[in-house]
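The two complexes that follow have chain A in common; it is paired with chain B in the first and with chain C in the second.
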Partner chain A sequence: MEAFLTALAGMGEPATLLTLLLSVAIGLVIGAIPGLTVNIAVALAVPLAIFMPTSQALVMLIGLYGAGIFGGSISAILLNAPGTPASAATVFDGFPMAQRGEATKALRISLVASVFGSIFSILLLILLAPQLADFALRFGPVEIAALLFFTFTIIGVLSGDSMVKGLLSASIGMVLATVGSDPMLGTPRFTFGLTSLLDGLTYVPLLVGLFALAEIIDEVTKGFPRSKQRFDLDQEDRARNRISLPEWRSLLLPMTRASGIGSFIGILPGIGATIASFMAYADIKRSARNPEAFGKGDIRGVAASESSNNAVVGATFIPTLALGIPGDAVTAILLGALVIQGVTPGPLIFVNAPEVVYTIYIVLFASTVLMGVIGYFAIRPLALTLRIPKIYLMPCVALMCVAGSYVARNNILDLFVMLGAGVLGFIFNRTGVPVAPLLITFIITRPFEEAVRQALTQSEGSMAVFFTNPISGGLILFAIGLMGFTLRSERRRRSTARSAPQ
Partner chain B sequence: MTGGRAIGLACTVASILFLAILVPGIDANRFTGGGMQFYSVGPTALPYFAGGLMLLFSVLTLITSGQERPKPAESGVASASLWRPVVFILLAAALSGGMLIAGFLIAAILFLLAVFWIYGAASKPLALGLGVAVPLGVDLVLRKLFYIPLPVAPFLS
Partner chain C sequence: MRTMKLGFPKFGIVGAAVAATLALGAAPADAAWEPKRPIQIVVGFAPGGGTDQTARLIASAAQEFFPVPLVVVNRPGASGTLAAEIVANADPDGHTLLVAGGSESTSVPNHMKTNYQLSQFRGVIRVNREHMVIVTKAGSGLDSIDAVVKRAKEKPGSLSYGSSGPAGILHSAFLVFEKEAGIQMKHVPYQGGAPALAAVLGGHIDMAIITPGDAQAQVAAGKVHAIATTSDRAAQIPDVPSLTDAGYDVNIENMKGLVAPAETPDEAVAYMHERFEKAMQSEGFKTLAAKSKIEPGYLSGQDFEDAMKRMSDSIAAAMSGEQKAAQ
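The block that comes next holds the complex of A and B.
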């Protein structure tokens, strides 16, 4: 109770409330602009979070995350181009609705579905995370090492279209994490005599480069394409854009199902909101009596996609808080920000820093409610942000990438790490290699190495301990089985694609 | 060659170099703990493990990427003119390096104006206004609100 009151008091600070308001508003704007993703928003905010109290930093990062995902639906509906990849499935029915003069209705459904999905997953987080953490408290180094290796496998297998490319990205993340002093003996590894590398590659420039600069380089390559807004919300018929009670009733079941799917996907590390929205959309379409209505402006399609992608937001915090394993790229960024703040996520956070856990719960709720309020009253001004030309916007964001990477440590080397990571992220994006596994593995590699070496010290150097322990053995077997299954289905998919006519 | 194959090849070469040259170099720096015995593995174990995994998945990417049809995004790399990203990266590198010599403000203003000019910003007054206002704003917010100083030109300090 005391921890809850401390968290509530922290939230009541004027600076924290102002940060919440600003972060939700900025998140909505950034999410709405195609090319600026939630990842960019959160990555650019991390350098500032270093200099804030923990509760204020959490408010800023979580506010940007939730609002940014909803913001993506605005351009998906009005431009036929999702502002964030997570809103890609919203295009299918949102844009046809806008074409027949129901853009405002689509945006309102998207907003309500987003709030519904968020609240659903936050409740799940509050119910499940403490139970999972309680179970994980019994884990020793053997189980922790196996769980982290399992995470490495699952994020590689489930992120992106190709398992091999996902695992390649994850293994590059592991290699990059070996730079710096080793955690047991302090032996320098790949530091090339530079003292600034003794702590390893700094997390902030790496994520700013991978997520923000890489996207900007991509926009530069396309020549800063200008989006054309085709619909004027003021010209729409107000009566036609009202949502009737039977329509609301018809949305309740799809939103609940989609929120369940989104939450389940959110709990699994490395998958993220994009896949969740496509899976939920396919599920609702399959279960509908009239699936042929989907893709032509069905309100259930918009609701399913938006409920599921926002349900991922709360659910990704379940593995992040309970196990210290990030659920997606944004929670990987948040996890790193928490570590910079001196808070180590994992089962012990519920014992050592319960006020941080309560702050996260409160912030998730508060930012969702605020997103609903701002989103409802500011849909028209938000639609105007789509007109901002990228030629002016993107170079300014690039400037913020440089400033943000520098201020983290006041070290010029970090700027070149950021540039290198930006080029790497750009190449990854262009060659279909997912970026999220690299960052997630980069974060979990150090605890993995510590756990493996502690386990081997306890077992007097015997590797058998990883296979005889039931949890560890089970996780390793499951990981191998999952890889085999994915490899088989990918091979089958490739042979089907080859035999299909050109 | 598809983009997947190219990245597979580049990563294969990088992982071989990592395993053959960089990882053995760690032993040279190794601290020998005065006869202390550890049952655990040493500091080179994880780099060998990570490098081995990278090599394995690079080779697999190299092999399997040839079996798939190139995606529009991959083929887009070849068709898009490469000067745009290359020039932008060079400008960003110049900004990063130039910050120490000219200070953040001057380097950032020059960077923005150069980008607006090279990539053809339509409105010159807007480009000029943003080119000056944004660096000033970033500098002011960081300096006054967060008390984080950015580099200042030696001749201005």
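The block that comes next holds the complex of A and C.
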């Protein structure tokens, strides 16, 4: 209790509050810029953290983190260009909503879902951190491989109208993911002798190209039409952007499910917010009574993606605090900053430095609340971005795409990846091939290959481990069942579609 | 953005005081070589990591002694080899340095073809050394190095170790240990040291290598056995024996220092060494190094070069039986 009060008192200082305000605001902006990710923001803040008192340093890093993840949804909804990879799944329904004049509504839902997801996972962190951390440790290579195998079934959900086009997109994603060094031996694959390609095609430029640049090319070829969007400032649109009580109620269950998925993924090592948001999106779509509404501007799609990616933020702190093992790149940087503050992270942190743990809890809450407040007031001005004629807006976005792709690694190769992905995304748009399956296989393939081969190294080549392990066996059976189901309903849909015109 | 100097404001004050003191005592000894434009310190890893921290620490501490800005540039990629390749082929005019001494210098070139060799660098100064500690899960019965060797000899290939990735220094340390102890274990690479430690705690692999700081915290919590360091004993965990103590000739650790392209003139290297050494002696550097748990480990340029060569040679010797992955 004393430690809690110490932590609370540390938070009450004006300097700390000001830091929180600034870092949440900066986090929102950086998150919203395509290509600039939360990782960059946090890494750049570390040198500053050295000279701050512990509570201020934590406030700054955590404020940037949570707000940055939400910020990504702003540009996803307004510009069809996710600001961070974690908001890629927000595009599917957020952008269609904006296009039919409901940008404000989409942003509000995204904000509420983000706050909901954050609070959900922070509560888990406070109440169940040690138990959940121990549970996560039981997920070894075999279980992770099975989980990712299961995740591949998302392709079916994201394929849209044509399963063949979806699979085409997914296979391209998988091929692109094989570029880089072999995860077990380090042997270069498809790198053409370029050292820059040894880490594979980088995700951020690929994403920026496929979404933002493809959108810009699309606008250019159409000559920047003025009428594409309807703006939500007149009286009629204001009514459309209001969210009714039944709508809120319909979101409650999807948001809880998505937050659960996000928290689960967040405690596992090496999977991350991007996969979590795709998984949650697919889950909510699959469980909906009218899945065909998704992808055309369904509020549940936005809510699912955004609540799960923010749930990851709180959940990554579970292994970080309970085990002293960082849950992702951002928490790794945060742990480093704690060391500089003289706090030894590790399982004993609850005993040795309870005030730090409480500070982290309070800061997580405070930054979430502040994100809600700032977000609430920022939504309408942000939605006004859409009033800027495309002919002025798009070149600015293009500039950010180029800068964002480059600064992540200071590597010129990433620019070419971005440009190539932009052209590919444009071709996909025009031919009706969905981009989402490409993205999801691209992200999953690498960790999947790694986990499978780690498991096979342990079992000395025997595939039996995947079936004798209860978690993995169950997941694989479930995945196969789901695939069979998807194929059957696809066939039924096609046969009814064929007979319908008669 | 990255070209901005990310300041350590307090160094300004401390550094200025130190500089003023030194200016009273010493006249410039080397008028021969002077840097003409900003000196780039290239880091092969992303901002916020350990290598980046070391670079920013030494750069900000040394800034007072240089007439030109010292700029830390991050060129992350391919376990640091991308940055090494860039610096190896940079103009050897004393304006480009690399933070070296870890995987990219001593380990990776022994495993696969890189577009540079260790011999393409010359040492400027070693800044710090980081001990590496082998840990096993508490309660696994593998509570000492003898227990590990005994188990490995009873059932060859039954034990497994995790690394931060193929060809990295953690992988190499285990290879050298295997060779010295005459044992065979399975290698399971992870994306970084943290997931490998998680895999040990979860019982998915038998051992991993972590830093003394992490080992201290995990041992205190009763989660792992710290069975040995892979070089000599570490001051932070004096009770943990070293592999050398146990009779295995293993001397692998993660060093960080500055190197320049091999053809950089002697005067330039001497000029920079003198200033970086002064920086390492400053109070500001010492305080911040202690705060960041960076273990200062000064060596002259030549000694640093020799230390890297010795480590690389011992890894090469351990590899001679193995096949190089990508030849």
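As a convention for this text, the second predicted complex is superposed on the first by the 272 of 502 C-alpha atoms of A that agree within 3 Å, B and C clash if a C-alpha of one lies under 4 Å from a C-alpha of the other, contacts with A are read in each partner's own complex, and residues count from 1 in each chain.
Note that in this section a residue touches a chain if its C-beta (ideal position, glycine included) is under 8 Å from a C-beta of that chain, and two chains touch if they have at least 3 such contacts.
The structure presented is a predicted model; accordingly, all values stated were derived computationally and were not measured.
Enquirer: Which partner, chain B or chain C, is in contact with more residues of chain A?
Expert: In the superposed model, B touches more residues of chain A.
Enquirer: With the two complexes superposed on chain A, say which partner A:Asp182 touches: chain B (first), chain C (second), both, or neither.
Expert: In the superposition, A:Asp182 touches chain B and chain C alike.
Enquirer: Name the contact category of A:Ser459: first (chain B only), second (chain C only), both, or neither.
Expert: Touch status of A:Ser459: first partner only.
Enquirer: Contacts for A:Thr221 in the overlay, against chain B (first) and chain C (second): which applies, first, second, both or neither?
Expert: So A:Thr221 only meets chain B here.
Enquirer: Mind working out whether A:Leu323 is in touch with chain B, chain C, both or neither, as first, second, both or neither?
Expert: The answer is second: A:Leu323 touches chain C but not chain B.
Enquirer: If you stack the two complexes on chain A, which partner ends up touching A:Arg494: first (chain B), second (chain C), both, or neither?
Expert: first
Enquirer: Using the superposition on chain A described above, determine whether A:Phe51 touches chain B (first), chain C (second), both, or neither.
Expert: A:Phe51 contacts both chain B and chain C.
Enquirer: Check whether A:Arg409 is in contact with chain B, with chain C, with both or with neither, and answer first, second, both or neither.
Expert: Second partner only, chain C.
Enquirer: With both complexes superposed on chain A, which partner does A:Val164 reach: first (chain B), second (chain C), both or neither?
Expert: first
Enquirer: Would you tell me the residues on chain A in contact with chain B in one complex that are also in contact with chain C in the other?
Expert: 51, 182, 184-188, 407, 454, 457, 460
Enquirer: Using the touch definition from the top, list the residues of chain C that touch chain A in their complex.
Expert: So the residues of chain C touching chain A come out as 1-2, 6-10, 46-50, 52-53, 56, 73-78, 81-82, 85, 111-112, 114-115, 157, 160, 165-167, 186-191, 194-195, 197-199, 201-205, 213-214, 216-218, 220-221, 223, 288, 291-293, 325-326.
Enquirer: Enumerate the contact residues on chain B facing chain A in the complex.
Expert: Chain B reaches chain A through residues 3-4, 6-8, 11, 15, 18, 22, 26, 29-31, 33, 38-43, 45-47, 49-51, 53-54, 56-58, 60-61, 64, 67-69, 71, 73-74, 76-77, 80, 84-85, 88-89, 92-93, 95-97, 99-100, 104, 108, 111-112, 115-116, 119-122, 126-127, 130, 134-135, 138, 142, 146-148, 150-151.
Enquirer: Tell me, which parts of chain A touch chain C in their complex?
Expert: 39-40, 42-44, 46-47, 50-51, 136-141, 181-188, 195-196, 198-199, 269-270, 319, 323-326, 329, 332-333, 336, 339-340, 342, 344-348, 407, 409-411, 450, 454, 457-458, 460
Enquirer: With touch defined as at the start, can you tell me which chain A residues reach chain B in the complex?
Expert: These residues of chain A touch chain B: 48, 51, 162, 164-165, 167-168, 171-172, 174-175, 177-178, 182, 184-190, 213, 216-217, 220-224, 389, 391-392, 395-396, 398-400, 402-403, 406-407, 412, 415-416, 418-419, 422-423, 426-433, 445, 449, 452-454, 456-457, 459-461, 494, 497-498.
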